[in-house]
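Structures incoming, each one as structure tokens.
Two complexes follow with subunit A in common, the first pairing it with subunit B and the second with subunit C.
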Partner chain A sequence: MDLSNTDTTKTKTKAPQQITIDGQSLSFTPGETIMQVAERAGISKRIAHFCYHPSLSIAGTCRMCAVEVEKVAKLMTSCSTPATNGMVVYTNSEKVKASRNGVMEFLLANHPLDCPVCDQAGECSLQEYNYEYGPSTSRFGDSEEKRVFENATTLKLSPLITLNMNRCIHCERCVRFCAEITETHELLMVNRGHHKELTLADPSKGLTSDYQGCLADVCPVGALTFNDFRFKKRVWFLKQHPSICDGCSRGCNIEVHSEDDIVYRYTPRFNQEINKHWMCDEGRLSYHRGHDKNRIVAPYFEGHECEWHTLLADFTKSLKSSKSALVVFTTDATSEEVATLTSLLPQLHKGGPINFRYISSTPDENPNENQDENQDQLLRRKDKTPNRQGVASKLSPISEADFQSFNDLVIIFKGSTSKLPRLAFSSSKHLYLWGVFLLEDLENIRASNPNIRGVLPGVHTLEKSGSYTNCDGITQTFTAAIRPPKLCVPVERILSKILTTVTAEGEAK
Partner chain B sequence: MSTGNIKTTNVSRPYTWKERLYLLTIPKGFLVTLRYFIRGFFLRKSNTISYPEERRNYSERFRGMHFISLDENKLENCTACYLCQTVCPAKCITITAEERDPKENPVGVAKEKRPKAFDIDALRCCFCGMCEEACPKDAIKMSRNYELAVHTREMAMYDLKHLSREVKNRG
Partner chain C sequence: MKKVFTEAAANSKDYQALTEVLTHKTPEAVITEVKKSNLRGRGGAGFPTGVKWSFMPNNEVAPVKYLVCNADEGEPGTFKDRFIINQMPHKLIEGMIISGYAIGAKVGYIYIRGEFRKEAEFLQTAINKAYSDGWLGKNILGKNFTFDLFLYRGAGAYICGEETALLNSLEGKRGEPRLKPPYPAQVGAFSKPSCVNNVETLANIPWIMLHGGEAFAKLGTEKSGGTRLYSMSGHLQHPGIYEFSPTLTLREAIQEAGGVRGGKKLKAVIPGGASAPMLRADEIDVCIDFDSLASVGSMAGSGGIIVMDETTCIVEAALVLLKFYAHESCGQCSQCREGSPWLSRIFQRIENGQGKLADLELIEDLCKNMAMQTICAFSDAVTGPALSSIHKFKEEFIQHIESGACPLKNHQAKRV
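And then the complex of A and B:
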């Protein structure tokens, strides 16, 4: 180590410093560890690891990431060894493989063989590394002799998280997550060695943070599992699709896990600018709203379900015949939907310009809540709609007085599953709802205005493509993760249908 | 795919004069009939069996109607791990998992997960036995019962109740 240290001082001002990993020469900035260099180069998969997590502090507890460094007698843990100039690292030598095999053997000595029951099976680091490096048999005797934590085999740490301590490999990622990311210090390890056990700092309270789902994410094994996904599906059936969470104005990057157009969970997708590796529980559970049984999934005209062409004929007629028209967007519409409607609807409306406005989708039971600001120190925002910035940049907001002044044709466009804001109409003659609505929404609207003429069922975030601009002004695009219900169609399809009909009629005349 | 290049060759040969003389083959055929008549009528030997009074003994590893084995507490051994569903080439197994009621679970964590529904579409099943091979709990097995005939298609959809019937020594 001394040798390499002197090297560092010598070359400080000269060419960038080089490290060789598996024969691949990589430059680094002093202070980076071997693992970080490998990660930047995209070859961190070669180094097996449990306790290292790019967004958490370095612990060096698992010893799985040990690599061979030339001129060093023993193996070095790549997560905690700083890279030095001229360092030559081998990540897959016989010595390293033997070390990994040894680590795996000790980890598996007490790990229960319950992969068939365990929800992590299929995305479990322990499973993967055992397949690659581990011993296929155990020298530690029968499974009856394995360590069992009687009180923590199926312990509900909170309504969201279940702990199975028998499966824990003591990487302490969860402890570090609670200490460093949420700063709630809710979990800690007590005792040592064989008896080391994960416990709640305050068992009477349980886990209380709003980011508990991340604990199940960071856990490399099935010790901490997310109750909402528990026993729902085996992970290898799920199809992953990158998307954006529409639970609040943060716009966390997510992966949608679905099978046969049914979403089973969201997992966070790494984005250094926005959410890093995390997402909140509220957003994580927001996929349920897309599968709401009360969602209106068929065209609806004057109190009854109807065919699309009946509704569209009436809708086109109202557009043509009305003198004044108001289109109100909620702030969970995509920027594309706003652009499409603002450019194409005026072509159909003959009675003068259409007023396009927006209304914030956040329910304003408490008026102070209706401002967009951080809800906590990490990710959550008070505005529970994904695209306020994108919509507000094109349109102006609507006030109650504005609502009163329009009384002919009003179209409410709601782009996704966020809650319906309080709408204050006086007596618009024709009221159309366009987008994603629930039966409750209909009831609520009916309370202030009974003239709901039609509902045009639309598609929500997971079922369409588009873009949202988040609270920091970052515009992110996404594509459809699942197919919408049969009769729910995106805006552009409805508009093209109307426009072709209108053009055909015009030509016939 | 074009089939224009395929040639068919006629491999039949001309009959010999013996074969053309049909008179010879007629008594030959009568002799066969007579032989079987004597075997059956006088010697009482038969090539068929009187099913269902008599049954053929199939091999020990015959793969017949599926069942799910039970443990000493009469709980099904299946933990709904979905491996059989994953491996099934005919996609005839459909499982829904749930958490077992802790009160009815004397075994603890090993049986905390159970199948809420376990359906096998026997009409689609090809009896390859891969489910049996994949099962880590020796839960799904194939009995030696080969009487699979049913009156309706619905009856060929084996549900959990039917599958967890008691089968001793694989039937």
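And then the complex of A and C:
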């Protein structure tokens, strides 16, 4: 055994292992499949597939990814065939095309041909591959009745997921997702052959995992759809923008799908280090918070909406005249906002030094719990803000005593839509809220501090550029996916406005 | 001429070979003897048994290994394993103990098809007897060899006769074939190296041990040793189990079974279980061994010879088989799941007189897209009766289509 091992190492060092895909010579590490080599080379788009998913185990059942391998009579499924040295692969030969055409014909035989009313249309693998490889007409015959699963057209598997079994192509990605990723084993196939049907393991419970949205993601067709998005928008109208989920300290990579500055959904964006292909439902649904009707979207001064210049004039005056000042950041502020404010605000403040602190989110139910730890085995974190590490690396946390000792000027800066932490301050003369606040936030603050002087409406994650440092210390930048409401402006614009006013005043004097 | 099972049935000296092996032979010697015997798997694929055994990793690499007996005899037209279980269960048990000894397995499973309820009870009784007689369990014959045997009943799926589907089913999972590689010899039952052998294959082992591999090899052809049990069914004078040397021709085999029933003319023969492409009456002067039948485009398969006389409607006969396949496809692979019922529908409409000439082309096309494209050989098997029937009896299909009815319906076609 030992001898043979040294032999392989020798050959490995002598000549790198090579595989040729469509004439392109590629190196590989033993154990990689044809599909994996193609993926690494960025040419996996050439290999059509349904059941293969890079983050799930190999099923090899859809047979769509079959490719021609020289000197092998049978077509080989690229998802399951390991690359070997000297292997020559063709992904688009006549034989491969004929096989794909065959698979498409079989899959479409019983699949409803009603793409116009299917919510998956536009992002459906079956539809896309059919344009490329499939037959243009059906030989199944009009007189033949298609397979119809009883009561299965719109079966609610949970409040979040709808199953239309008639559209299922039996790739079983969802079954493997539940078994391998969430390990909840909630879905399984029953019956055999063309009666094979996706079923809940426990119909009385329905789906209960916190990652149900991923089921709709992994489903290549319109069988499993996410109720929150279902029939809300045709996907071809949506603009996709890469971003970071600010729902917790994990910082899952996402794509924001929007039209006319209205976000319709988040989908996970692949990042091997952070979230792979997944994201939790809590994060997925968190885009709704950005469109909260109760968000304060206009400048607010002494109990009323006002013009920006009125508010800024007062704010500048307070900054200048106050003896002491405290600025408290919530941990959903970007690192750039913290850096900008900590460097520029002191220039406007004529009193003593400004004290910059941060306050981390504290769950209401357990005020003493302040740790940021895993909430489950997969992605979710207990800290529901995206940038604790980034903010904490620049500032120190605020204590209750700090709150008590500052009673002149207090500015609360809230960077995004996470829940407002409990603020334990005594009355301060001038309290300004800066950033993203809801009406109920104001009411809550007013309960302990009636002197809210002004609110400077800011922008949340989707409306600005910046960076967050996640729970593992990975810093990720993002840019604005949508435009903010008209009167909500980013920090730098407010500051530049203040600075120009101050400079103008100085020059006038 | 000697015949393995005919002799075994007459000779009730069970466990004589086992005693011989445990006292005089090393496991390696057993494997060598089986290799010499040219014994090929009797389940259908005809893979050399000795070679299969030699794929099993040694005891140092894999201390836990399993021997699995495939008693999921589901191939339509095949009933020889049931015969062995009913007539000589101890030959099977003895064969398994010797095989387990040879490959280093301490545990054996017999996966018996769910429909064999009585056979399962009978076999369990035999296993219990073997335990009480000291042939199974710890330190058999006082030697340092332990072998336990468990009977596991399937739930009634044809596909569980495929070895990897069988292993999944044995593990309590859905009976769906696995991707290969890894092969069962590397990752088999419960993720341990496993060897899956057919009932008849294993029941041959005691005879080989008693008489030697060469004697067994001489009973067969050059490449396939031993006599074989053939399940003769259909329109025969005397259907039943026959033990033939594979050097016999199909015509001779049919004559042995009394010829076609009622003096009728022979129309078609399926020579190796339902999956084997059918042969016309003029094609039966071929030996019934693996290689000869393969050379005429059919297969010896499981040795189930189905004979059809002139009253048989070939469309209906193929339809019956295709309905079976549509019902039994496991549903994993796209082609097989969707293709099998589709084919059966087309045959149904032709049989009903509603077919079109274009249907024949469609059948060819669908079969082309199904064969050699899936995880297991099931979809290849589906194309067997479909293609062979339209290739060899095209006129009959055209007659159905053109006349708009089954021309043989009035002749009281008999179901196979």
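One rule holds for everything that comes next: the second predicted complex is superposed on the first by the 488 of 509 C-alpha atoms of A that agree within 3 Å, B and C clash if a C-alpha of one lies under 4 Å from a C-alpha of the other, contacts with A are read in each partner's own complex, and residues count from 1 in each chain.
Everything below uses one rule, namely that a residue touches a chain if its C-beta (ideal position, glycine included) is under 8 Å from a C-beta of that chain, and two chains touch if they have at least 3 such contacts.
Worth saying up front: this structure is predicted, and the values here are computed from it rather than measured.
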Requested in this report: Have a look at where A:C62 lands relative to subunit B and subunit C in the superposition and call it first, second, both or neither.
Outcome: second
Query raised in the report: Taking the superposition as given, does A:P353 touch the first partner, subunit B, the second, subunit C, both, or neither?
Result: neither
**Report entry** Touching partner for A:G303 - first (subunit B), second (subunit C), both, neither
**Finding:** neither
Query - First (subunit B), second (subunit C), both or neither touched by A:P450 - result: neither
Requested in this report: Applying the touch criterion given at the start, work out whether A:K196 contacts subunit B, subunit C, both or neither, answering first, second, both or neither.
Outcome: second
Query raised in the report: So, A:G23: does it touch subunit B (first), subunit C (second), both, or neither?
Result: neither
Report task. Report the partner of subunit A that touches more of its residues: subunit B or subunit C. Result -> C
Report summary line: Interface residues of subunit A shared by subunit B and subunit C, listed none
Query - Interfacial residue positions of subunit C with respect to subunit A in the complex - result: 157, 159, 174, 179, 326-335, 337-342, 345, 362, 365-366, 368-370, 372-375
Report summary line: Per the touch rule above, subunit A residues touching subunit C in the complex are 50, 58-64, 66, 73-75, 80, 98-99, 101-103, 105-107, 109-110, 139-140, 144, 169-170, 189, 191-196
**Report entry** Contact set on subunit B toward subunit A in their complex
**Finding:** 79-83, 86, 97-99, 102, 108-113, 136-137
Query raised in the report: Can you list the residues on subunit A that touch subunit B in the complex?
Result: 112, 114-117, 121, 153-154, 164, 166, 230-232, 234, 236-237
